[in-house]
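So, here come the structures, one by one.
Across the two complexes that follow, subunit A remains constant while its partner is subunit B and subsequently subunit C.
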Partner chain A sequence: MGITLSGISKKFDAFTALGNIDLEVRPGEFLALLGPSGSGKTTLLRIIAGLEFADSGTVAFDGQDVSHLPVADRQVGFVFQQYALFKHMTVADNVAFGLNVKKRRDRPSRQEIQARVAELLDLVQLGALGGRYPAQLSGGQRQRVALARALAVGPRILLLDEPFGALDAKVRKDLRRWLRELHDRMGLTSIFVTHDQEEALELADRVVVMDHGRIEQIAEPHDVYAQPASAFVYDFVGESNRLPVTIAGGAVRFGDRELQVGSDGLADGPATLFFRPHEAVIVPDGPALPAIVSLARPKHGVTRIEAQVDGLPHPLEIDVAGANPPKVGDSIAVAPTRSRLFPHPMAD
Partner chain B sequence: MVQVNGGTVALGGQQIDRSIAPRAARRRRSVMPGFGLTFGFSLFYLCLIVLIPLSAVFVKTAGMGLDRFFDVAFSERVVASYRLSFGAAFVAAGVNAIFGLLIAWVLVRYDFPGKRVVSAMVDLPFALPTAVAGIALTALYADTGWVGQYIEPLGVKVAYTPLGVVVALIFIGLPFVVRSVEPVLDDLGADVEEAAAALGASRLKTFRRVILPAIAPALLTGFALAFARGIGEYGSVIFIAGNMPFQSEIAPLMIVTQLEQYDYQGATAIAAVMLIASFLLLLLINLIQIWSRRRMEG
Partner chain C sequence: MAKHARRATAESPIARIALIGVALVFLFLFLLLPLLAVFAEALRNGLQPFLEAIVEPDAWSAIRLTLIVAAISVPLNIVFGIAAAWAITKFDFPGKGILITLIDLPFSVSPVVAGLIYVLMFGASGWFGPWLQEHDIEIVFAVPGIVLASVFVTFPFVARELIPLMAEQGRDDEEAALSLGASGWQTFWHVTLPNIRWGLLYGVLLCNARAMGEFGAVSVVSGHIRGETNTMPLHVEILYNEYNFVAAFAVASLLAMLALVTLVLKSILEWRFDYHRTGTGH
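Let's look at the complex of A and B:
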């Protein structure tokens, strides 16, 4: 089921949560809404669900306008951040809730409901725990109960608000893989909200990066990382170093030092230069940034170095391969091998 | 990394026999010291304040002999007063459970100007001297009062009737329900209601199947507190009740009547009956509560 959002805006008093959002979600897609807190990603998800209503703009499912339908009539499965399980009901009753509250003429028979619940509990690998109460389950198990409950009513769209936020790292990784498989198997269209870029890049078909109620970029995970559309995306997705530079006549300067990087066709004036820690080398001398090593520690098979540069508030982070990395106190020169320039210097 | 497995303490993978482990492993230590002292004092204090006066009621009663006990404590007039006290307290607590829940709901779920004032108003019955409340209510509901002059022609007589007793007890018991339910409702969170809605439940079904079961123990607590308070309430009721024998006399009034005749044993006899009845009712409510809470916490 495809979802089309056009011109969605939402204000909370004076605060603009969403400003004129257009988004096309393809049928069967697994989409991530990625952004820092306050970026509007959860509000957008809630508007798609019908838990919140936009001030203007439309939400359409498969071309059909659902903007004014309440959540109960939209046939979406929603998994809440804290799961929102019904504490006074057993796991099986939680899962059966959506079926039990149907109007009598639409409601399956008791046997059918029981069979459906058993099937769903098997699907989420909780077959034996139907008689327990939510308080007796671990975080990961609760999460899966919430999923089974959302899937019970046969939704066409699955919406997940920070689905892994409250879990510890190991459980999170397992659940992530499992959720991806589940999505593929059930043929759903899924959207999940996260502030964890790693999660978004690993799990999603496409990532929507949001900031301040606007969409900064919509792209496949690889492109979000390799071809960030804005300074914000570059900074938010992956690790980065940033340098305030000036462009003059096609040359890029940091202070009075010219750097060997292309000006990306930007006009003269102030700009910000970004490069990833692994996209820089230490050179003996030449057009590079002089720095003093303040920290060196092993990381993922390389050595992560922090180096202080005069006039920069933060140290540069550089990954150095090889057996003889520089030591703390060494004077080095750093040259970016691959970098991006963005015109507006970012506020710190 | 310290792991305690059975009798051994593992420190960073090294096994240390318990005999040489620090003393802490042998003697259970609490981070909150002084349990013995504080618990001892609590027990002593409760005995002094609660248990001794209550047992005095029974000791005093025991001296009067069974025949006289039944004569006094179960005379027709006194039984009628029990009926009124327990009945009116029950009805008032029931009314408070419904409307107290509504007020708690409004206070928890919505933000509106003057919310603090409304919240403070809920506590007024706690703060107001009960006699003042009683006189105010009587003045309101008397046949010339602000409210009384309009409802009396309709055939509803509040002042000096059992209905007046109920009205006074509703006033007195309201804060108990509101303050018991409020934190639980707050804790329930809006997301649970949203989850029910997302699963297709109507507002009514959400309330009946999700909200009510979750707050039932707290609502019952509030009901029990309001009920218990209502049974013993004297000051606010005595003015509005009119105190007609067999009709609008409350049980605490019967105790006072006995006291005025210097019949202390008679007074304690009635008190003992009320005490046992209240105790049994509260026990019942507590049992229901334990049962419903166990279902939720497993």
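Let's look at the complex of A and C:
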């Protein structure tokens, strides 16, 4: 089921949560809404679900306008961040809820409901726990109950609000892989909200990066990382070093020092140079940034160095391979091997 | 750390004994002793006069009226309380702050004023008095007035209990139910009500105790007609003023019993409520 959002805007009092959002979600896609808190991603998810209504703009499922349908009539499965399991009901009753509240003529028989619940609990690998209460389950188990409950009504679209937010790292990783498989097997269209770029890049077919109620970039995970559309995306997705520079006549300068980087065709004026920790080398001398090493520690098979540069509030972070990394106190020169320039110096 | 290490906030043993002693003496003097006195006075001449005082027609009528008032005002309170708490915690609307303040009004206004409001509105020379007289409807100095006054003074109990509880629980459970296709009524019945049941019972209990024990507001609107518009607290006062101490204390002891039962139930509910809220229930 495809989802088309056009011109979605939403204000809460004076705060603009979403400003004119257009988004096309392809059928069968696993889409991530990625952004910092307050970026509007959860509001957007809730508008798609029908838990919130846009001030303007339309939501269409497979071309059919559902903007004014309440959540009950949209056939979406919604998994809440804190799962919102019904505490006073057993796991099985939680899962059966969506079937039990159907109008009598649409409601399956008691046996059918029981069979469906058993099937769903097997699907989420909780077959034996139907008689437990939510309080007796671990976080990961609760999350899977929430999923089974959402799937019970046969939704065409699955919406997940920070689905892994409340879980510890190990459980999170397992659940991620499992959720991806489930999505593929059931042929759903799924959208999940996350502030964790690693999660978004690992799990989603496409990532929508949001900030301040706007979409900064829609791209496949690799492109979000390799071809960030804006300074915000560059900074938010992955680690980065930022350098305020000026462009003059095609040359890029940091202070009075010229750097050996392309000007990316930007006009003369102030700009911000970005490069990632692994996209820089330490050179003996030449057109590079002089710096003093202030910290050196092992990280993922390389040495992560923090180096203080005169006139920079934050140290540069550089990953150095090899057996003899610089030591704290060493004077070094850093040269970016790959970088991106964005106009408008970013406010810190 | 040693098992019996003193915490920083712990007082010295002497101070502790002194504090506990003061608290106990105070409780005994001001709470337990009067309570015992009520029962002692009621039974001073033995069980027979005690029972006679209770089955005496006027006393019996007062008991019945008190039960009727509670039976009407408590259910009304449940409905108003849930509706108000629901509206305040689950929706955003203009005037929310005013509604919260209004709910607290009966707590901040003297009960006598509450009674006078109804006399002013429905009394013979009140705003609606002439109209009511024309249509032969009695409110003040009759049962409807007593019920109105009781509803007024007990209004905050259920709502005050539910508002923080429902605010803490948020809207997620209700939204989950709605997203699963439940109607508003199904959501309320299967999700909201079970979530608030212990808090609701607690509020009902306090509301009931107040409805049965209210004196001030009811006294103003009742008219003190023996055997007709006297509730138990009013009847106690009349008997007392007539120097009929045994009968006064006999009826008073029933009210005291109500208080004791309420306290016990309240403790049980509090225990159950905490148990439930910490998620270790079932």
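Keep this in mind: the second predicted complex is superposed on the first by the 348 of 348 C-alpha atoms of A that agree within 3 Å, B and C clash if a C-alpha of one lies under 4 Å from a C-alpha of the other, contacts with A are read in each partner's own complex, and residues count from 1 in each chain.
Following the convention adopted for this analysis, contacts are C-beta pairs under 8 Å (C-beta built on N, C-alpha and C of every residue); 3 or more make two chains touch, one makes a residue touch a chain.
Note that the coordinates shown come from a computational prediction; the quantities given were computed from them, not determined experimentally.
On the superposed subunit A, the two partners subunit B and subunit C do not both fit; they clash.
Once chain A of one complex is fitted onto chain A of the other, the partner contacts of A:Gln82 extend to both subunit B and subunit C. Residue contacts after overlaying the shared chain place A:Phe61 against neither subunit B nor subunit C. Within the superposed three-chain model, A:Phe192 lies out of touch with both subunit B and subunit C [touch as defined at top]. The residues of subunit A shared by its contacts with subunit B and with subunit C are 49, 51, 70-72, 76-78, 80, 82, 84-88, 97-98, 101-102, 133, 135, 149-150, 152-153. On the side of subunit A, the complex with subunit C involves touching residues 49-51, 70-72, 76-78, 80, 82, 84-88, 97-98, 101-102, 133, 135, 149-150, 152-153.
Contact residues on subunit C toward subunit A in their complex (touch as defined above): 172-173, 175-183, 186, 190-191, 194-195, 279-282.
Across the complex, subunit B is touched by residues 49, 51, 70-72, 76-78, 80-82, 84-89, 97-98, 100-102, 132-133, 135-136, 149-150, 152-153 of subunit A. Looking at the complex, you find that subunit B touches subunit A at residues 189, 191-192, 194-202, 205, 209-210, 213-214, 292, 295-298.
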